[in-house]
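Chain lettering (A, B, C, D and E) follows the sequence in which the chains are written, and residue indices restart at 1 in each chain.
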Amino acid sequence: MNQPNINEMRGLIARHKRWDIIFAIVGLVCLLVGILTLLALFGQLVAEGLPRLKPGFFISFPSRSAEEAGILSAWVGTTLVMLVTALAAVPLGVASAIYLEEYAPKNWLTAVIEINVTNLAGVPSIVYGLLALGLFVYQLDLGQSILSAGLTLALLILPVVIVATREALRAVPGSIREAAYALGATRWQMVSNHVLPYSQGGIMTGVIIGLSRAIGETAPIITIGALTFIAFLPHPPVTGEFPYLSFAWLKDPFTVMPIQMFNWTSRPEEAFQHNAAAAGVVLLGMTLLMNGVAIWLRYRIRKRIKW
Amino acid sequence: DRIVKIDGSSTVYPVTEAVAEDFQKAKKGEIKVTVGISGTGGGFKKFCRGETDISDASRPILKKEMDACKAAGIKYIELPVAYDALTVVVNPKNDWIKSMTVDELKKIWEPAAQGKVTKWNQVNPAWPDAPIKLYGPGADSGTFDYFTEAIVGKSKSSRGDFTASEDDNVLVQGVSRDKNALGYFGYSYYSENAKKLKAVPIVEKAGKPAVSPSFDTVKNGTYQPLSRPVFIYVNASSVDKPEVREFIDYYLKSAPKLAREVKMVPLPEKAYKLAQDNFKKKKTGTGFGGEPEVGVSVEELLQREGKH
Amino acid sequence: MSETGGNTLKAEARSLSFYYGDYKALKEISLPVHDRKITALIGPSGCGKSTFLRCFNRMHDLYPGNRYDGEIILHPDDVNILSPKVDPIEVRMRISMVFQKPNPFPKSIFENVAYGLRVRGVSKRSTLEGKVEQALRDAALWNEAKDRLHDLAFNLSGGQQQRLCIARALAIDPELVLFDEPTSALDPIATASIEELMLELKEKVTILIVTHNMQQAARVSDHTAFLYLGEVIEFNETKKIFTNPDKSQTEDYITGRFG
Amino acid sequence: MNGKNHRLAHSHTRHLRERLIESVLLLAALSSVATTFAIVAILCYESIPFFRKVPLKEFLTDSQWTPLFDDAHYGIMPLVAGTLTTTAVALLVAIPMGTVIAIYLSEFAPHRLREVVKPFLELLGAVPTVVFGYFALGVVTPLLQMIYPDLSGFNMLSAGLVMGIMIIPYISSVSEDAMRAVPMHIREGSYAMGATRFQTATRVVVPSAFSGIAAAYILGISRAVGETMIVAVAAGMQPNLTWNPLEPAATISAYIVQVCLGDLPHGSIGYQTIFAAGLTLMLMTLVFNIAGYWLKKRFREVY
Amino acid sequence: MSETGGNTLKAEARSLSFYYGDYKALKEISLPVHDRKITALIGPSGCGKSTFLRCFNRMHDLYPGNRYDGEIILHPDDVNILSPKVDPIEVRMRISMVFQKPNPFPKSIFENVAYGLRVRGVSKRSTLEGKVEQALRDAALWNEAKDRLHDLAFNLSGGQQQRLCIARALAIDPELVLFDEPTSALDPIATASIEELMLELKEKVTILIVTHNMQQAARVSDHTAFLYLGEVIEFNETKKIFTNPDKSQTEDYITGRFG
């Protein structure tokens, strides 16, 4: 290649690379906007709530006096509700996604299910609350309990889990499926031994953003009757004697962190705003903690699998 | 487990919460009390299904709810527990308002004002030629119902072009930031933010003095017509449960102190006495006819025949 | 499997047509596959060799819009394996395949080879280890792989991946093995060992192989079919095809500069 | 083959097992349909009495929504306009930013950064929306007012902007996963042609991951349409037939939550309005989703 | 490009080592690549041929943990293309590559071939069409593809995909083309046309080809390097290598049964 040509090419590359740089900057800026917003929010919460973030805050019940009020019943409630939500939404969501992606024949029923799933994602959360009030609380007689709340939130995040899982499943190349089938694997073996393990990373994403959504939800659980003042704890899930596990807590009344926050933010006293902020910090911490396992797993999986 | 279940209005919630907290401490945790917030309407829905023992209500029970309770065979005891004084507020920088008459307020808030009354001097020529920015609670709230009834004369009759929010703190923010703002909400939000707001003294009728909201003016009945009682409704069959009985006794006894503590206005001593009597007698039914009413005194109310 | 080798048939395509949607990729192919013999399919790129091979383990079932017409009879059962009544999984349990592009699982080398056995319910560690080693030895990969059995298969070179896929297909003792250009990514030495392996294997199993290497077809196969534009132009004993083909098209093809 | 009968027998149980698994999975998939049915049933059941009182024509054409006022009007359009406007603002923020972030993380960022940043971005989705609402009202609106002093204290713009930021992780995380799943050898093909990162990302990776990206968009849009608290706090709760994001307005979901937690008696016409509004929202999202479904089907790429 | 062909060098590896993490896949390789000649790399599977080839267009840069050591000098500029100062994109603009596994983009056949041109900023429809047709003809795919230019490339057969990738690499008029087993999935006829193409191409461009087909190396290349375990065992004129290699290892390899 002669010299002018090379210069021409360098010019072209420089022009193209300008886009690389522009994009990298734009990307970084977008990222920063997101992260900075989060940091701003978090900083605001910390700045406001720090004085309240003392051990006493975690082990006291709500109270009319802001200094004495704590989040014991709220964080215990959130933990238990999230447990139910995760246990219900993840298997149900992953199973639905597997059905839609790997089993469903391409017919109208599948199309209906598919449209329906994404449609559900747009239903306002309060409507899930109305549904749950009728269905879980009254029809199934689960009462205004941890179980009802967990199931409600599970329904709420189901679409997110399903959609993310489906995309993860779809990303597994066809050649891998062919290889498994060719060895005599049944459909389920193919799915459970290959497609599912290889798509765990994407599934984790669905679980993470689903649970993150659930943990911050207020409206639907207010509708089904989460309580704002509750100064006792549910039955412990683990007991000292055989069979060591107890399910009485499922039917207990409860409150959760966002409701506690919601309540505090709407109090007239300024001091409660600090409590709300402190609770916000704890809530974000809990979210990270809750998602920690999923985040770690996703990291491991994505490092290992490259097509 | 011995549990007292309470749900309902967010306005009454602070008092009930305070009582529940102290009651549980006094009982050393033997009796559990839960208090929810799902609005007066949501509270009555649960109450009339027999799911709660007590319902917090910022307004009297209405016809629809009475019917629902009747259909489910639920009788209730209506007990006023405190006053909520609706407070009209303006920005502290507002130097032209010394007091307002009900008529002036009506001129601003009545439906006919929508889109027409947009400047202060349209209401009173002495006031400046500046836009009015209005803030108020959402049309779904008992506060809105009461204010419209008391000022405009007809419940829910209001102009629509004002900034509404469920959350009174949002209204506080709105008014405190805008020199031309005017808003109304519960007294407790004013008293907690008294530095950022200015309460408007109200002249009930021409010739009467302008009265500012305060514990005393509400309690002695001179702050009119914007003070209203708030209630709890007790399921009559729950009264058979000793824990509920003990709780209500405790409630009525400690309400004067605790209401004040949460910045609500306690009823006169006599009213609590009457309420206790009603409760002991298990006097069921409401003193209202399923319709909202303005300006009734609590004592009178408690002596009325209960309607079902 | 019948006890004698000889000239019995292992499988037989009977006027088999295949459609990708509207496109007819195979046109009434009839072809016998002799038991415990090696049958080679040759023909220019795009003539339908892979398509034909993939009919034998019903791979085309996986995609919508594909359609078979005609039959493939599997002996000694005498069933048409294309019939919708036949479970494709059963077919695949008995017929294994090495694909044209190596497609290892994103698992360790060991797990790749062991997978077919696991599917068949084998889970005893020692059995698995023995079989995996044997299969890797057969596929001439043992020496390179024995120290990194638990490494990811994706870190192997192209040819190593191909041999891994061969090992995977052999570990399950199939009755019929379909090879789609198994040595295309292999060097002569590896190719030689795979060809040797095929000759050994044919004691026990039937082999159907697609190759574009004429010499390979000539060296290892007993019968050869020449496909062109989705049709079988000629089928015969390999010796005959490569020395004295009946059709001029066949002759043209195999005597191309690279015969 | 003498093992054949044995294999056939085995195949019987295997077949049964497979069918069983398939049925279980189908049931799981149907659970979401059942949810929809239940929601629609509840919404319809409760809105029938509403539509008995309010003719559909009035519902669709009246330009005022004041069902709780004495002088009641039942025109849903103000709420629809508010919903669409806030959603549009949110999407104008979230879709470009989410996509850019996804591309940046998947194709540009060093992988350390990516693995650290992603979970933090996902935290944005976990912040209780009330907090976002106050953020919009107390931080974003005043900032915007520095640019447009005339901006009203409650407006759809700041609610929409903040909502857009909240939705970012929905779009960025799911699309980033989809892009990451594009096989490396396809990228290699592009780089080998002398393509820059940007060219590879936009011309090869994004089209290959289109289906996943579309799914992410649909999730994001759905989330925006249904989002409640941010709008309730920051947009003014004032049903206002306007498409101007600088003005205050109310959305369907904000209206629903407002009434749900308010003091209205259940069973009254005021209360029933929320079901009619909810039904409207369901129908709106249904239209979006059907459109999205067809688009996605047409553009789906396979590898 | 210098005006005369002759014995000038196009590129030169100078004690090039390469590491996949800790694994040293190439060991101090030094190798000249003559201008407008065909240089063949042969060697057993896993010896590092692909790894070596991929150094020339800095493909390894895409993965973390990979490390080069040593130099590859590109003439006539005399730059070390491995130097971090050199933009890999510039390198790739001048050096194109056909991969071992065909890797078409999930786009139409036309867009696959046009891609390199689009990347270079060509967008005029008629130019594109002309170039695409020419490239497809060169790669012997035009006849099969001309009626389905707007079909998805994935629906091509294995060999067709490979030819498509060749067409894609040629459409951009590179100075040096790297072929990683370009004909492994091709039948003899297609192979013949690709080989012919290479011989034609060498008028204008330099070619570096990995092949495990000894005959192919012998037929088309001017120089041959024999790699083994990451080292160059022998490099010489092809004639010399195939008739009278210096090293016994080389001889063993090329005279293997399949020379």
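Basically, contacts are C-beta pairs under 8 Å (C-beta built on N, C-alpha and C of every residue); 3 or more make two chains touch, one makes a residue touch a chain.
Only a predicted model underlies this, so the values are computations on that prediction, with no experimental measurement involved.
S.K.: Which two chains have the greatest number of C-beta pairs in contact?
M.R.: After counting contacts between each pair of chains, the winner is A-D.
S.K.: Relative to subunit C, which chain's C-alpha centre is the most remote?
M.R.: Taking each chain's C-alpha mean as its centre, the farthest from subunit C is B.
S.K.: Relative to subunit E, which chain has the most distant C-alpha mean position?
M.R.: B
S.K.: In whole angstrom, what separates the CA-based centres of subunit B and subunit D?
M.R.: 37
S.K.: Using mean CA coordinates as chain centres, what's the subunit B-subunit C distance in Å?
M.R.: Spacing between the chain centres: roughly 83 Å.
S.K.: Roughly how far is subunit C from subunit E, going centre to centre by Cα mean, in whole Å?
M.R.: About 29 Å separates the centre of subunit C from that of subunit E.
S.K.: Using mean CA coordinates as chain centres, what's the gap between subunit C and subunit D in Å?
M.R.: Averaging C-alpha atoms per chain gives centres 49 Å apart.
S.K.: Touching two or more other chains, which residues of subunit E qualify?
M.R.: 89-90, 93-94, 101, 119-120
S.K.: Of all residues in subunit A, which are in touch with two or more distinct other chains?
M.R.: Residues 13, 16-17, 173-174, 186, 222-223, 265, 306-307 of subunit A each touch two or more of the other chains.
S.K.: Could you pull out the residues of subunit D that touch at least 2 other chains?
M.R.: Each of 14, 183-185, 194, 196, 199, 260-261, 302-303 in subunit D touches at least two other chains.
S.K.: What part of subunit D is in contact with subunit E in the complex they form?
M.R.: That would be residues 111, 183-196, 199, 203-204, 207-208, 301-303 of subunit D.
S.K.: So in the complex, the part of subunit E that touches subunit A is made up of which residues?
M.R.: It is residues 1, 77, 87, 89-90, 93-94, 119-121, 175 of subunit E that touch subunit A.
S.K.: In the complex formed with subunit D, which residues of subunit E make contact?
M.R.: For this pair, the touching residues of subunit E are 57, 59, 62, 64, 88-90, 92-94, 96-97, 99, 101, 103-107, 115-116, 118-120, 152, 154, 165, 168-169, 172.
S.K.: Can you list the subunit D residues touching subunit A in their complex?
M.R.: 14, 17-18, 21-22, 24-26, 28-33, 35-36, 38-39, 42-43, 96-97, 100-101, 103-105, 108-109, 115, 117-132, 134-135, 139, 165, 168-170, 172-174, 177-178, 180-185, 194, 196-199, 201, 209, 211-212, 215-216, 218-219, 221-223, 225-229, 252-253, 256-257, 260-261, 278, 281-282, 285-286, 288-290, 292-293, 302-303
S.K.: Given the complex with subunit B, which residues does subunit A contribute to the contact?
M.R.: Against subunit B, the touching part of subunit A is residues 61-64, 144, 222-223, 225-232, 253, 263, 265-270.
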